[in-house]
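In what follows, chain A forms one complex with chain B and a second complex with chain C.
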Partner chain A sequence: MTKQYKTLGDDIWKNKVEKINAELFTLTYGSIVAQLVKDYEDFTEVNKQLEKMGYNIGTRLIEDFLARSGVGRCQDFRETAEMVSKVGFKMFLNITPAVTNISADGREFSLVLDENPLAECVELPDQALVDELWYSNILCGVLRGSLEMVQMQVDAFFVTDTLRGDDMTEIRVKLIRYLEEEVPAGED
Partner chain B sequence: MANINISCIAIIGKQNNPLFIKNFNPSHADLKYHYIAHTSCDVMEERATMKAQDMYLGVLFSMEDLSVYGYMTNTKIKFITVLTVPDVIIKDLDMKNIFRRIHAAYVNHASNPFYEIDSEKMIKSKKFEQEIEAIGRGRALEGGNRNSLPATAP
Partner chain C sequence: MNATHSSSSSGGSGIGSGPLGQGNSPTCYFVIIGTKDNPIYEAEFVSVNTARSSSGGATIPEAKKEEFRHLNQFIAHSALDMVEDLQWSTNQMYLKAIDKFNERFISAYLTAGNIKLLLLHDAKSDDAIRNFFNDCYELYIKTLLNPFYEPNSIISSSAFDTKVRASAKRYL
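== the complex of A and B ==
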């Protein structure tokens, strides 16, 4: 099952996706974060803004993803995790983070990124280390936004980050609930 | 590569402000290298207008047991390498190699979005210091460098 997602992801990346220069991408994202830091001066606020931006991207990105990959519904949250990692991340960032630490009830998982194209050549200033800046927090927003559009309310947050001196970069994703279609008020 | 003894690596910014000075030879005081870097600025500006195309400026001058080599980029960032004069003749190619590595390390550092290029402050980055240290002590570059400038013809 996992192999099939991997092949699908590789195939989409090779054939159906337009590519841009990696340095341009890294520098663009870097300037966004640097500007937010200058504007807000409060790193918790910067984290929030990055997450909000990611949410907006995610709600739109899911349409692109579904159109290009043509996949159907996932059977359970575990499958969702594999899909996100092997097809989603591969398609947009050309990386496949490992899915680890799946909880017993299958409602939580971790994504461990061994490389992060957003954070090449980045060194956090000392104040950012003290005040808990999550540099790539936009990714958490993208996960939340895109999964919400397919009826899953999740909470995504960084646990560790190599930019902060930790051994690895890990995002934790928790399923809060499935969103059922609600009948609009006024109809029986 | 011949056994080159690097005494000091210095980097000077656009406004002739010091950005980074690293002393590898404890027998000379740091202040002496500050002085050398300062004197080199004028020589480099003069040479650069004369030499036109190349970023590598060759030997700027010699004093006592030290010889000073210069390299200036199009963005007016100057790299200075001070060597203790060895027994053998130093090849241009070796020096160009050293400057290419310093340049690559500087480019990697400048790509950091949190580093302000025109701030006139000294460079304070552990990673950058480690890379310059490795170049100065003649160790091979670690594999983690993303930017590696292509070797230009001598």
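== the complex of A and C ==
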């Protein structure tokens, strides 16, 4: 099952995706974060803004993902995790984070990124280390936004980050609930 | 780290010859100068690879060394004029030895962004210095790629410092 996702992801990356220069991408994201830091001066606020930006990206990105990959519904949350890591991340960032620490009830998992194209050559200022800046927090927003569009309300957050001196970069994703299709108000 | 010559001091980095031309402790002073003639990084290395014979040395007392320290900055500063003259004559980034002060040479490396890397040293092979400069240039480029680094500001990263010192140990 995982192998099939991996081949699907590789195939889409090779054929159906337009590529841009990695340095341009890294420098653009870097200047976004640096500007946010300068503007807000409060790292918790910067984290929140990055997450919000990611959410907006995610809600639109999911359409692109489904159009290119053409996959159907996932059977359970575990499958969702595999899909996100092998196809989703592969398609947009050309990385495949490992899915680990799946909880007993299957409602939580961790993504361990061994390389992070957003954070090449980045060194956090000392104040950011004290105040808990999650540099790649936009990824958490993207996960939250895109999964919400497919009827899953999740909470995504960073647990560790190599930029802060930890051994690895880990994002924890928790499923809060499945969203029911709601009838828009005024139609009943 | 101590040089193997008996003439070099055992404490800290030995400061090289002052105006009195005394003492042969092989120290190099490395400075990166920004576009406004502002130093953005300084470091001193005691080199172990110079092929100089020690001559039964006088060790310079610590107090005198402190005086000589700021001399390095003056020497480097005065060499800047030479750099600016020479930069129009060649299209190489490495400008080799551009100036001499007493027994010490000043080598320069000019980057495309008009950043000057200066090294005060005793007689040393061109190649070694060229390699050292190339290494430092690459480290500087990586620093520039960091979005939190303001160009032309002081480089305070300890990772950068460690790597420059390692490179100095390897080449100088």
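Here, the second predicted complex is superposed on the first by the 183 of 188 C-alpha atoms of A that agree within 3 Å, B and C clash if a C-alpha of one lies under 4 Å from a C-alpha of the other, contacts with A are read in each partner's own complex, and residues count from 1 in each chain.
To be clear about the criterion, contacts are C-beta pairs under 8 Å (C-beta built on N, C-alpha and C of every residue); 3 or more make two chains touch, one makes a residue touch a chain.
Note that this is a predicted model, so its numbers are computed, not measured.
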Fit or clash between chain C and chain B when superposed on chain A: clash
Partner chain in contact with A:Leu27 - chain B first, chain C second, else both or neither: both
Chain C-contacting residues of chain A that also contact chain B: 23, 26-27, 30-31, 33-34, 37, 120-125, 128
Chain A contact footprint on chain B (complex, rising order): 108-109, 111-115, 125-127, 146-147
List of chain C residues in touch with chain A within their complex: 142, 145-149, 157, 159
Contacting residues of chain A [partner chain C, same complex]: 23, 26-27, 29-31, 33-34, 37, 120-125, 128
Residues on chain A engaged by chain B in the complex (per definition of touch): 23, 26-27, 30-31, 33-34, 37, 120-125, 128
